[in-house]
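Consider the two complexes below, in which chain A is the common component and chain B and chain C are the respective partners.
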Partner chain A sequence: MLRYLLGRLGMAALVALTVSVISFGLIYMAGDPAVALAGENATPEIIAQIRAQHGYDRPIAVQYLDWLAHALRGDFGVSPYFKIEVATLIADRLRITMTLGVLGISFALLVGVPMGVLAAMRPNSMIDRAALFIAVVGQAIPSFWFGLILIVLFAVNLGWLPASGADSWKGFVLPTIVLGYYATPAIMRLTRTGMIEVLGSDYIRTARAKGVPPRKILFKHALRNAVIPVVSLAAVQMGFMLGGSIVTESVFALHGAGYLAWQSISRNDLPTMQALILIFSLFYIIFTFLADALNAWLDPRLRD
Partner chain B sequence: MSTMSRILGSAALVAMLPLTAMAGKSDDTVRIALSKDLDSADIYFSSARESTVFGYSVFDALVERDLKTGEWVGNLAESYEWVDDLTLEFKLRQGVKFHNGEDFDADDVVFTFNHFSDPATGVAMPNTVNWIGSAEKIDQYTVRVHLKAPFPAALDYVESALQIYPDQYYQEVGPQGFAQKPVGTGPYAVASIDPGRGYTLKAFDGYHEAGPRGKAHIGTVEVRSIPDVNTQIADLFSGAVDFMWQVPEDQAQRIAQRGGYTVTQAPTVRFGYLSLDAAGRTGTKPFTDIRVRQAVNHAIDRVAIRDAFFAPTSEIINSICNPVQFGCEQDVTTYDYDPEKAKALLAEAGYSDGFSVDFYAYRDRQAAEAMAQMLEEVGIRTNLTFLQYSALAEKVLKDEIPMSFMTWGSGSIADVSASTSKFFDGSAIDDVRNPELTALLRTGDTTTDPEVRKENYSKALKLIADEAYWVPLWTYTSNYVMASDLDFEPTPDEFVRFFDMSWK
Partner chain C sequence: MTMTRTLPLSPRRQMAQRALRHRGLILSGAVLLAIVLIAILAPVIAPHDPYRQSLVTRLRPPVWLGGTWQYPLGTDALGRDMLSRLIYGARVSLMIGLISAGVSMVIGTVLGISAGYFGGRVDSFVQYLINVRLAMPVILVALAAVSLLGGSLLIVTMVMGLLLWDRFAVVLRAATMQVRSMEYIAAADMLGATQPRILWKDVLPNVMSHLIVILTLEMAHAIILEAGLSFLGLGVQPPTPSWGLMISEGKELLLFDSWLIMIPGVALFLLVFSINMFGDGIRDVTAPEGRN
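Up next is the complex of A and B:
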């Protein structure tokens, strides 16, 4: 088990390093940060001056190694736009993104798992069809559009919740639904498939024959086994949410790390972009690693 | 995503919304939505308009232009005088206090001018301060500013780019401390700043009322950054926002049709143009021939594009500058929409089968596509590429742009020296490289006599039009949407003056 985990951990570290090298190269190719910093009315001399001031005129390999050496010590530099430490900036923005991610995945689990169970109990019934419909809509509807519909309904027509901002818990309700709904279909479908498979298995038939109450069969015997793959899926989805809430954050003006990523890309804010990519990929790697570890713990066959 | 989101979003919003205006008049707080955020409250280190807008309310400049008369009036200075072409003297207003109680005097002015014009300070927009040689204290309320070279547009920069900072406080807390808690003399004092999200201003009780601005009318200003314009509209309709600006034309029209809000169209200094590589610096030959450039001018139906995609108040221009700018001569050679004539000119130049060219743009995609199609009709096959502004600017530096659809905001400076003179300055990125033209513009930029300036700019702009170097297109307007009980008159410089807002 330990050897397996160490192997996965080594892989994860290599993936993180590769991501940082590739992203550094891609960002560099995407555009000259000095031009973006200089703004509209800048002359070539001023751009050259800014380039030298921020060290963008050095060879890319030197810039990368310099960045890596600082990053390993937790120093991600200073954002040329906000004039504050990138680490401080991101730590502040991550609070919102993390809150949103935890709420979103909780929503997806609280809605997806019961719906999957209900659908599995009566395959091809009206309930199953309704659950399928909700899942298809959840996958197909663009987040920004769904977000706007919720805003129109709850913020403008009913006036119950704010359309934007994170001043109170109320501001998180609609974004949680939008972000969580996107992850719901996969969780729901996986629960349903798992449940149908388990409910048809021999030991459930045995339990039924023994006269175990149906409720106990469903929750104690079937769900426990069916939910194993769902847990690891949820971990991966959580990684997605932390890095992928850009649209949701900008629709609801939440100013979390996702929105910060979008801003820094459009401004060529190199240090912020680079740090965010690394952090997002780390999240993804960590959650995938957790999912692997969890699976290995639950299913001994995976450890070999 | 954005176009799609706008079309779907605005249709849904405007169709489904009830009218529930409950503005901030009751608690004397105006709530303002901006698409972008304030990146740095130490405004000298930001090139974003959001920081200029912030600066206009929190700080004061020495002078400002009276927008009704166009004359310069004193603000922190009581009066100014050109001692000679290289010396500006300011007599300062007495008894003015900063928000923290510090007294305003010559030391603050000298510090601000000298510190931020020093290249070692590294301000975000060096071109706004690099004309300053030095500032000198004559007595406690008199300052002389020495220029490096004659620069008649100097006062424009004194107003828009040289907000006066308190010297003692700034040196005490440093740039980072100042960005967290800025202090000025302006009509509003900063109550709080949440970097990247917004800020709150409170009217400054001790504001010097004798100045041209007067005290602020509204007690509190809350500015929040809401990136998605549909969300801004939803907040407007639910009463959480009283004021939004730079609202896209289609949405502004829908809101206006619904009623219940004030929708105002205001001219801006921004204008659009097509750049053509007339000097052949990118290796593209056709535009070096005047007949081809004339053909491009004749091929584009600017009125049709304006009517289709822009506000009716957008003005078709004849010169590569905005008519609100000093020296922007419009009485020059013009080229009517005439595709047949364009074809004939192309044939005459030896391109009877037309030619292919790379065409770049960064905004107003529909207008760019319409122009590409009009050019195609006369035989100029364009390969239209959309880029981010910074990527496009980078390609300009590398001589890779034979033709582009661009716009220019001039930093809201109402003077041709901030537009036309920047394009045809004979530098590496000059598309024309005509020494005669560069000389005319330079004379205009560096002569103090307004008449001589006008004459030189006029000659330069007539020359540009005669040679059909580029294609002048239209001016831009900006849409402001406000709660119906809010009173505000937008200005062409787009420096939203919060202190001019009041409740009806």
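Up next is the complex of A and C:
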């Protein structure tokens, strides 16, 4: 198990390093960063001055290592648009995004797992078909459109919930649904296949033969085993949700890290953009590593 | 079972028969065909110029909300005919879906098949590439790339093509590993077939059904992603009639004229839903044993 985990850890570190190179490289993607910072109508002298000031005249490898060394200490420089430290800016905004992520994945699990169990109890029944149909429909609805429809329905027509903002818990209800519904079909399908497989296994037949009550079989014997891969899928989905938060937070005007990502991109705020790409990717890398570790711990067959 | 034993059909004819009996496949195929025809025939069937603005006729409601047949789906805030924009928008969505998924398919297939077939270091390297790709949120990278490179239709399409190859690589890697252990591969190798020939003639045809299913999924993914990028203002630029952009433009008037976002949203849903159903149908028809 240790060898397996070390291998995964090595891969995670390598991927993280590559992502950091790509995040850093962003400033060179659009051409000379000094020219971009100086803006239009800048004289060559001003450009040269900015280049020296930001250290853009040094070799790229040196610039990268310097940037990485600062980033590792949590220093991503100052945002040219917001005029405050990028690290402070992001730390402040990350709270909303993390809250939303946890709520979103909880929603997906609370809806997806029971739906999967119900569908697996009678494969190819009406319930099963309905659940699969809902999953296919759900996957075809663009989340930003779904968000707008929910706003029209619950905020405008019924007036039950606010259309935007995070002033009270009510502001999180619609964003949670929008962020969570996208992960629900995958969780439902995995629960369903896992349950169908487990319910057909020998130990379930033995339990049935012994006269264990069906409810106990379903929850204590079957679900416990079927849910293992679902938990690790949930961890991976949690990583994906950070990406999804960009759209969701923009629709509901929630000022989290996803909204900040959109702001920094549309304002061409490169240091913030770089930091966010790195941080979002690191979250994903950490979540997938945790999922792998959890899987290895729960399922000894995976260790080899 | 007894029928097939007394009257054996060729695998191809069995597949055709299953396809014709598959209601989801036929229905979604018909919707897709209709959308493709609408996109191709856009200049002929669109009642108005999708770009022509007119302040006199702005925000006319659709027919069922008291509008007239002159603008069956109403007009937007700039007085442009919604139906004509919707019809031309089908071109944008289909083109983006086809080209992006095509580019991803080439990248992902080459990576996935080489990883599955050669194994060892090639496999480790491809897995590393897949992990890097998956670690970076698609929407974030696409937004950043489009904002830095400019938002033309070509750039949006290419950026997505370069980002959406991961599922091709993951699935084809696994499928190739399975095919690789088959006896016919060993036989071809023993007969002296070159490796490119084995890959092209023996491996590729046997992973083709997976490839087609992923192709449909990724087409749907690319279409939704383009709509999302355009919605956030960093995809296809106005005045191009993109469905995502139409939703974005209607967002301002959400409270008063919600049909502005309903109509393009329903079109988007219908297209993506049909593509996904079509993909599911193909999977059922080509691999009936893997339905659960």
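Assorted remarks:
In this section, the second predicted complex is superposed on the first by the 263 of 304 C-alpha atoms of A that agree within 3 Å, B and C clash if a C-alpha of one lies under 4 Å from a C-alpha of the other, contacts with A are read in each partner's own complex, and residues count from 1 in each chain.
Everything that follows uses one rule, which is that a residue touches a chain if its C-beta (ideal position, glycine included) is under 8 Å from a C-beta of that chain, and two chains touch if they have at least 3 such contacts.
These figures come from a predicted structure and were not determined experimentally.
Look at A:Tyr81: by the touch rule set out above, it reaches chain B but stays clear of chain C. Looking at the shared chain after the overlay, A:Gln53 reaches chain B, while chain C stays out of its contact range. In the superposed model, A:Thr176 lies in contact with neither chain B nor chain C.
Look at A:Phe144: by the touch rule set out above, it reaches both chain B and chain C. By the touch criterion stated above, A:Thr43 is placed in contact with chain B alone, chain C being left untouched. By the touch criterion stated above, A:Met11 is placed in contact with chain C alone, chain B being left untouched. Of the two partner chains, chain B is the only one that A:Ala253 touches; chain C does not reach it. Residue contacts after overlaying the shared chain place A:Gly159 against chain B, while chain C stays out of touching range.
Applying the stated contact rule after C-alpha superposition, one finds that A:Thr184 touches neither chain B nor chain C.
With the contact threshold set out at the top, residues 30, 142, 144-145, 148-149, 151-152, 156, 247, 250, 266, 268 of chain A are in contact with chain B in one structure and with chain C in the other. On the chain C side of its complex with chain A, the touching residues are 127-128, 131-132, 134-141, 143-145, 147-149, 220, 224, 227-228, 231-234, 244, 247, 251, 254-255, 258, 261-262, 265, 268-269, 272-273, 276-277, 280, 292.
Of all the residues in chain A, the ones that touch chain B in their complex are 30-32, 35-44, 46-47, 49, 53, 81-84, 89, 93, 142, 144-145, 148-149, 151-152, 155-157, 159, 162-165, 247, 250-253, 255, 259-260, 263, 266, 268.
Interface residues of chain A facing chain C in the complex, by the touch rule stated above, are 11, 14-16, 18-19, 22, 26, 29-30, 123, 136-137, 139-145, 148-149, 151-152, 156, 193, 196, 240, 242-244, 246-247, 250, 261-262, 265-266, 268, 273, 276-277, 280-281, 284-285, 288. Chain B contributes residues 1, 4-5, 8-9, 12-13, 16-18, 20, 37, 39-40, 42, 45-48, 119, 122, 124-127, 175-176, 179, 195-197, 224-228, 230-231, 234-235, 237-238, 240, 388-391, 393-394, 397, 408-411, 418, 422, 427-429 to its touches with chain A in the complex.
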